[in-house]
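Per-chain numbering from 1; labels A, B, C and D assigned in written order.
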Amino acid sequence: MYSELKEIVCKANIELHAHGLAPFTWGNVSEVDRNLGVFAIKPSGVPYSDLTPDKIVVVSLADGKVVDGDYNPSSDTPTHYVLYKEFSDLNAVVHTHSVNASSFAQAGRGIPAYGTTHADFSYTAVPCTRALTDTEVNSEYEYNTGVVIAEHFRKNMLDVKSTPAVLVRSHAPFVFGKNASDAVHNAAVLEIVAEMALKTELINKDVTEIDGYLSDKHYFRKHGANAYYGQK
Amino acid sequence: MYSELKEIVCKANIELHAHGLAPFTWGNVSEVDRNLGVFAIKPSGVPYSDLTPDKIVVVSLADGKVVDGDYNPSSDTPTHYVLYKEFSDLNAVVHTHSVNASSFAQAGRGIPAYGTTHADFSYTAVPCTRALTDTEVNSEYEYNTGVVIAEHFRKNMLDVKSTPAVLVRSHAPFVFGKNASDAVHNAAVLEIVAEMALKTELINKDVTEIDGYLSDKHYFRKHGANAYYGQK
Amino acid sequence: MYSELKEIVCKANIELHAHGLAPFTWGNVSEVDRNLGVFAIKPSGVPYSDLTPDKIVVVSLADGKVVDGDYNPSSDTPTHYVLYKEFSDLNAVVHTHSVNASSFAQAGRGIPAYGTTHADFSYTAVPCTRALTDTEVNSEYEYNTGVVIAEHFRKNMLDVKSTPAVLVRSHAPFVFGKNASDAVHNAAVLEIVAEMALKTELINKDVTEIDGYLSDKHYFRKHGANAYYGQK
Amino acid sequence: MYSELKEIVCKANIELHAHGLAPFTWGNVSEVDRNLGVFAIKPSGVPYSDLTPDKIVVVSLADGKVVDGDYNPSSDTPTHYVLYKEFSDLNAVVHTHSVNASSFAQAGRGIPAYGTTHADFSYTAVPCTRALTDTEVNSEYEYNTGVVIAEHFRKNMLDVKSTPAVLVRSHAPFVFGKNASDAVHNAAVLEIVAEMALKTELINKDVTEIDGYLSDKHYFRKHGANAYYGQK
């Protein structure tokens, strides 16, 4: 019943590791199947080299409980759960501790859109959430991580399609995509964009963000009804 | 008729990816055949691992239209087209989003010539164009990218032989060469030169450019009639 | 008698090199067997590619003398010896000159805890010891390196379980673990954490350390009786 | 007659490339045989992948002329020649444009000795020469590069054994060794030491050099009559 979803999610987790975005057991990928009312996610703490589709854990969208699989799901599962509940058009979630993006998160700053590499990927700057409070951390921490992300998106009228990545302050990125593989791709692009942003500021400390008309042009060249990048 | 050109261009695109200069589907290489009145270029959005000579697209120098190939050409094709029209001695063009060179483009700065590694490759600093205007972006954007590059070269009396790379502001580099493979080589050298320039400024914020006589010596040691580097 | 310990230590040294943490012959790993009253350690100056279990050297905890093996032990052996004597719950020690962590050591600074990647690994900032005195360096230098580390831990009420890494000023890191392989893992994490800390400060020079409640949460999610990361 | 020397030099050049220190055709290694009165060096502009011992060029110490080999020697051959003439105890020379060391050269700064990684390798800071004059560059440039290095060593009472690397201002490093392979090793260490020095300054802009007694300890632990690192 869940075998195709588990294969997709297993493959995407292995890709994440192959991109160098998730050393050791860090990082996890999930994808949702809204018809089946579940999402599939990496098991907690299992090395990527040992990952096989049968170890992928399936979680109910109704209550966040495991419905299939013998392993504990990723400790970040409640974050994924909240995100799928809050964003009805969200299909896949990736969490990494990739170095450059996490450094922005640790610095408490979003990633400004400095060029077309960023605009090809995200319509907006990559936002950084507020810090979680002591209470939020000490009660259902992972769940509240999702709540704080959702709060940031609502307050700033962002959506997960056009803003495919967010930094959780003092922590690391969560990344979105059309499917698990697309979310992994976005996580890899985010890391490049973060490295470029850091270096751009080192080269010119007074740099300003990309012109809105250029950013729009690049974003819509690749995304939406009028995209003309790639093959039909 | 175009098979040799397509093979050359296919091979150079694969080299570009192998150098790590073009992750995913980013970046493209073209080479012109002025006798045949065409240039060949990468298809848009096709992964490098899937690239074969028959997927390379051939474009007319007369009108910029596709004359051979089943795929959409790179979305940057009109930029290549303008460059071949504007510079009669231009043989090959590479576009990348390589991290260090793109960071200078995002910072709105050319790459100063700080040492002999730079001078071995380019007779001048690597220039950075002005920003495109809203109008230029919203009407024939890729074509106008080429126009702005050509304008910069004319205004500053640069030529594509001795200035083999240029940064488009807020975007990324375009690189030139004697042929597709040479342009890929230059794109790789540019990325090293950009990384060195960034680090040079971090090591000495008051650094000045290389002495002109040393720069000339290195450039002409490798280029032109009196070059004595390499084998005859 | 020591064959299992020698195999474990040989394997961990090779892992250290494979992680890129110990180029050439730099770096060494040891693990203690307190029942046997010995620790096993890398031979001095032997390339990792030539390392086999029979070349591993076994040293007595009673007097620091070699009890098994034909090679000279690592020149840092007296440091390991002191650490095992001083910390009765210490099981394994790694020494590297990994670039980012050593740069903090050279800068005379510990690594501040800026985010959850750090907190997942260490309960505290990574400390940096005082400089050794001329006398300490010129008499039993390696032994005194261990003494200075132990002094720092005692004075600051740190323990090697919850503070699994320390920087020796002007030198490089020493890293601890539950066993040799775990200590190698910690050495690899330390290097990532150090790179992130450097970049975090470049992105925001006024950054402050992670909130204590968030740090605690992450540390105890992975360590101790109430850990819930991973599989049971 | 020269076959052993050519094999040694060929192998060392290939090692240099394998270490990532010499992309494309950049960089060259030579080793001298003072009994035979010659040194062997890489041919100019030949890719490392095409390098075989029979392509190595042998040059006379008497007059700097080629005595064996069908290829043009490296364009930097006169620099090597001067160095072998000026330093009677010099056995091997490596030239690279490795990124971090060359960035210091471009910045016009030597590499300060900030830690034991540096002291394990060099007894002193890595010096940076003065700039060559217009006249020196325009007449026998490569020869004068060697002259300026030799001048710097004499004026500062340095010797090539204990100061195994030097940066030529606005250019790049020259590195020395007991033999070709040792010089390549030193070139690799120099690049690590340069990266660490850059990062050390980013972490602490007020950092000072390593204490002399600690530097001496590390240097003499590995070098000279009382060295005790490694196996006998």
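Keep this in mind: a residue touches a chain if its C-beta (ideal position, glycine included) is under 8 Å from a C-beta of that chain, and two chains touch if they have at least 3 such contacts.
None of the values given here were measured: they were computed from a predicted structure.
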Return the chains common to the contact lists of subunit A and subunit D. B, C
Suppose you list every residue number at the subunit A-subunit B interface; are over half of them used by both chains (same) or under half (different)? different
Can you work out the rotation angle that lays subunit A over subunit C using Cα coordinates, in steps of 5 degrees? 90
Report the inter-centroid distance (CA atoms only) between subunit B and subunit D in whole Å. 33
The distance between the C-alpha centres of subunit B and subunit C, rounded to whole Å, is 47
Residues of subunit D that contact two or more other chains, please. 201-202
Chains touching one another, given as label pairs in label order: A-B, A-C, B-D, C-D
Residue set of subunit B touching subunit D in the complex reads 114-117, 185, 188-189, 192, 195-197, 199-204, 207, 210-211, 213-214, 217, 221, 228-232
Subunit C - residues contacting subunit D, complex: 23-26, 43-46, 71-72, 75, 97, 99-100, 102-109, 131-132, 134, 137-138, 141, 170-172, 198, 201-202
